[in-house]
Amino acid sequence: MASDWGQFLHLQIFGESHGPGIGVVMEGLPAGEQIDLPALQEFLRRRAPGQGKYATTRKETDAPEFLSGLLDGCTTGSPLTALIRNSDTRSSDYAALRDVPRPGHADYSAEKRYHGAQDGRGGGHFSGRLTAPLCVAGGIAKQILERRGIYVGAHLASVGAVHDRSFEPVSLTVQELLAPGKASFPVLDPAAGEAMQQAIQEALAQQDSLGGRIEAAALGVPAGWGSPIFAGVENRLAAILFGIPAVRGIEFGYGMAAAELRGSEHNDPFTIDAAGAVRTVSNHHGGILGGITTGMPIIVKLAIKPTPSIAREQASVSLSAKAPAVLAVRGRHDPCIAPRAVPVVEAALAVALLDLALEAKTYQN
Amino acid sequence: MASDWGQFLHLQIFGESHGPGIGVVMEGLPAGEQIDLPALQEFLRRRAPGQGKYATTRKETDAPEFLSGLLDGCTTGSPLTALIRNSDTRSSDYAALRDVPRPGHADYSAEKRYHGAQDGRGGGHFSGRLTAPLCVAGGIAKQILERRGIYVGAHLASVGAVHDRSFEPVSLTVQELLAPGKASFPVLDPAAGEAMQQAIQEALAQQDSLGGRIEAAALGVPAGWGSPIFAGVENRLAAILFGIPAVRGIEFGYGMAAAELRGSEHNDPFTIDAAGAVRTVSNHHGGILGGITTGMPIIVKLAIKPTPSIAREQASVSLSAKAPAVLAVRGRHDPCIAPRAVPVVEAALAVALLDLALEAKTYQN
Amino acid sequence: MASDWGQFLHLQIFGESHGPGIGVVMEGLPAGEQIDLPALQEFLRRRAPGQGKYATTRKETDAPEFLSGLLDGCTTGSPLTALIRNSDTRSSDYAALRDVPRPGHADYSAEKRYHGAQDGRGGGHFSGRLTAPLCVAGGIAKQILERRGIYVGAHLASVGAVHDRSFEPVSLTVQELLAPGKASFPVLDPAAGEAMQQAIQEALAQQDSLGGRIEAAALGVPAGWGSPIFAGVENRLAAILFGIPAVRGIEFGYGMAAAELRGSEHNDPFTIDAAGAVRTVSNHHGGILGGITTGMPIIVKLAIKPTPSIAREQASVSLSAKAPAVLAVRGRHDPCIAPRAVPVVEAALAVALLDLALEAKTYQN
Amino acid sequence: MASDWGQFLHLQIFGESHGPGIGVVMEGLPAGEQIDLPALQEFLRRRAPGQGKYATTRKETDAPEFLSGLLDGCTTGSPLTALIRNSDTRSSDYAALRDVPRPGHADYSAEKRYHGAQDGRGGGHFSGRLTAPLCVAGGIAKQILERRGIYVGAHLASVGAVHDRSFEPVSLTVQELLAPGKASFPVLDPAAGEAMQQAIQEALAQQDSLGGRIEAAALGVPAGWGSPIFAGVENRLAAILFGIPAVRGIEFGYGMAAAELRGSEHNDPFTIDAAGAVRTVSNHHGGILGGITTGMPIIVKLAIKPTPSIAREQASVSLSAKAPAVLAVRGRHDPCIAPRAVPVVEAALAVALLDLALEAKTYQN
């Protein structure tokens, strides 16, 4: 439809940034799954604003209330609904933006889409805040997947020109996969993390913002998941990952750079490992061939554009006056949204993998 | 489901490479649209194999038979079905591949997905040949869109290390957009095209293959198309574009490189043009903000991996023997599939835009 | 998926009878529609329990809180979410039912469906209480439809052996259509209503319950709405109407009795009315031919089974002991649920018609 | 969408009565299922026209060609496509109907739906002929279900005022279930069948037609299939069964008559059978409670209206002249379509049950 996703595990996201609340309805969850609510809250904390040196100072605990689908912490199999109340909203910050759309934001395109009826306060339904319910869904999916031996993790691959090292595509371990999520800054290499934070601080000092890249991976996914053509793993991951605001590109395996290789370089030779399992020697294919998993680590990268809300003056237009206007965005904004997007990417990946897992049950013997 | 796509314009692709035929059912087409069948055939010719110096020598005319939905060349509004018969198939080429999966192909993952029941001949349902019915659908969608002032085009942005110049992101004209489709090789810069063909020839001489990139664009799409979160233009384009075999990454606007910019660089200032319309001065956003079109040119790039079927020997395994095996792929394969993928990308983009156009009718006043 | 419905207007129902709350997310609503909230509340009052002489004594105001999608009472076009908190629940009434399923209820089938993880309290997600959010959705849809000249109404056609007169199938007026909804008991003929209430009282006195039939109609729907084969008006209405618990059969126009007629009797001759419009002389077809509306009144009837929860003793089994058990259902139950189901049928019909209206915009010139 | 159905097993029907061909694409079929093609053809023969004394004299063998998804008679798991060519069409019979719509047919409503672009020849996409591909799908589904111990059957419950006896709702055997399908006329009681054929002959002699009812049942469906609210078994069966032209009503279990019973009469007491299984003593619920199967026989009835095409003169209008017109339908039409609809109902039921079976795999442990 639009703010929903998934055929086997179905999410319906709702809410506006400065409305009463935001949330998600999940349908298709297996019944009888015990959810560790403190662990879920800890996962949500990784996305929550207001905690870092350089992050937005908007404070929100993002503690979901479960309206349905959970009984004594256990999934009932009926739609699970989580509601996060909005609070600490300062809509007056956004009052002037109605007429003068912010460059890089959905203000103008939403105005045309909804004929002016949209709730534009704080970005409304287009706000990055809507990733909080996605994280609730993903945090639940992660727990269910881990119980089945499937692990999802991500790290900040770059901020501006500063790069973290990459996940090891063939021999990635669960420990390495989960390490960035446990670190104070979501990177593999702490020195890179320090340099990234430094770069963010510099951008902020110049009333500017920075973009970044995220690399995510999944371990434990068996070979044979996914469906052909339009329901391949890439199609479904991309369809959910582009639901994260500010994502501008998505790559699987060797990604865009695959275009520069020869077949003899890019092809991953098959081999039999010590346990008798089929593996590939390299993993340029990122765990997916023909849209179907191969049993190798799934690897996806995406680019997050620099936060469009910056304090310095920008050129825009007055829609009412049909004339140029200058705008300086006030309000509280992360100078780089990518660090907080890391758990969101994990969440989206986990939701997609649980959807794939449920589908796989339909065709397994 | 899997081999279908679209909520408002719905495609169902069917067929296997060496089965009786391949085709598509399209539902949701506007009734009463006259289809120019020779023009459609000319569009299909751009994808068809067997015509270039370096392309596969498999000869197929890919002339669709319309089984339903067309009456006197005019859409009836009922499901339109196009069937392309397979012919000139040489399945014996593939007989040995059953046990020894080709690196970079879906042979192994499909084996796990379908428990060995899949039609593996020529890649079966995973074959690039399945892009022919997508082109039928896209060619029809293109004609309907053009009647409404919307134009779709694409060109080969790179092959290996050779690059074409890019579409002009702000001032792109319909003439420039459509030029590569009319050229003998789908590029903007003929010299680049010559160099690309040279590079492909060299790869072939070395029993190898090459990847490439495609840039596509659409002109004439009004502001306000698309829906939030999971039904944004990027989500829907990605979900259909990853249905083209060998696509490894997709970028919108400034794409992956957006991660390296600052907000002050990446943001596209709004302006009012001479006709009083809202435009942006630059177009890093690729015509899409918040998943909704802005009225600027839509720009998308994607990477095509090098053809995995190469003549030189590669390491693989015997699935039955659970032992290493060496494989040299025979059969007729393009040393670079990207040139033939150009019209396929146009087709997918056109189908997605017609779907978006139909959706837009539901919320327009 | 399951608790969702609709392609163009999409509903997601959530909640369990004795959980924190129940609700609905609606996506696809036109933006900018002012909702008359007191009128909506008045519509909900028609379904609410605890008001009639013979109705359940459970008291609930069913006042929805709008969590998203409404700004100053006006639809924003984003998902609209309504939450109704549960209160006055007495779960102890249901504790013993876990092991001994109630005849005629979903207790046993849900136990098998969810492996015992379902929230069985008060019927959980299968409770008739879940029709409250459907009424919120329908009440909103009704207001939007009426603004476009489309009216929906229903009445209690029978209770046990007592029958109301039928809607006039050809010359039904808006006034007659809406009259039952304004009456203290939802019938056309007050004397029939008195006799129905008498019959319900007698059943209750005998610790028993009664079934009933509902006839619903819509006026103002233009010719040409609906789609062929599986998306006909009947298919879509049936798919939503069977979402109302206790519905056992659905008929359109002359319904099951059409099987007893000859073609010369059942066919409705076409004619031209005084205004030059095509009409039918009779309306056995109930406003739908080939799944597509004809512009005549849409007429649908459905049967509501007698409330399965009755106070007298019934034979059941102990699932744990695998042995016969006797059960007398306690708790507060309507001896006839049909009167309260009348606005629910209207709601479902209104939701379906708004979905059809949005679809019709996609194929209208 | 429209001419497609199903979430887990997905059908896409295509074609027009007098176009090149009709067919179906099925996606989601289990891979590796051997299809007995002669048995499938025998099933199709039960629906085919031109064989009975009183049936239409249009001759068509309805032998499907399988374009994809079958390899050596075995499902590949990819979309299975069956094409039935049209032949022996006499479009001139229908030429005059364009302007003067046939009472009881979709001619007028389709004209409004498609703005005159529809293929109206022989009813086009609305023709009963489109049930042939549904039978191909259903015949395949039946074979797959039977391999899992699930059987589907149906019989003609009535024609006009002549009634067959009903299936025994509690103790129905597979033998009785399948008997009507093996008989020369699809009834349980041969004497009733004779009387029905007599009644049809009389109607035909009077240039008239007759309606009828069909009762269908399924055995072997385990308890716990289906999903709540809008994805209950009734919702899904109704959504596919109303895809059969001329169906005017659908009832489950005791059906419309449930409205006349008391709860103490309608409730089906639970019991434990000799094998220790939970059963119900009676089966008014038709094997479905709360939209979920109970393990008892599933029983559904539906009404087929009298064939609207009758030879005697009928009143209609000239759409162009906006004036009354008289019409006598020529062409070859069954005076009672219900006998040929019996296998179509079986087919739809089988397709729906296979969809439910695939869904059940997603939530079973």
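Just so it is clear, A, B, C and D label the chains in written order, and each chain counts residues from 1 on its own.
The rule is simple: a contact is a pair of C-beta atoms (placed from the backbone, for glycine too) under 8 Å apart; a residue touches a chain by one contact, two chains touch by 3 or more.
Values in this document were obtained by computation on a predicted structure and should not be read as measured data.
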Open item on the list: Of the pairs B-C and A-C, which shows more C-beta pairs in contact?
Closed with: A-C
Task: Chain at maximum distance from chain D, centres defined as averaged CA atoms - done: A
- [ ] Starting from the mean Cα coordinates of chain A and chain B, work out the distance between those two points in Å.
- [x] 26
- [ ] Indicate the whole-number Å distance between the mean C-alpha point of chain B and the mean C-alpha point of chain C.
- [x] 46
TODO: Provide the C-alpha centroid distance between chain A and chain C, rounded to the nearest whole angstrom.
DONE: 39
Task: Where chain B touches two or more other chains at once, by residue number - done: 1-4, 7, 13, 28, 31, 77-78, 113-115, 125, 228, 363
Task: Parts of chain C lying in touch with chain A, wherever the complex brings them together - done: 1-4, 7, 10, 12-16, 19-23, 25, 27-28, 31-32, 65-69, 71, 74-81, 83, 113-119, 124-125
Task: For the chain B and chain C complex, residues of the former touching the latter - done: 7-8, 28, 30-31, 77-78, 228, 358-359, 361-364
Open item on the list: Considering only the defined contacts, which chain C positions touch chain D in the complex?
Closed with: 1-5, 7, 11, 13, 101, 103-106, 108-115, 125-126, 130, 158-161, 203, 208-213, 222-232, 234-236, 238-240, 242-243, 245, 247-272, 276, 278, 280-281, 285-286, 288-295, 301, 303-310, 312, 314-317, 319, 322-324, 338, 363, 365
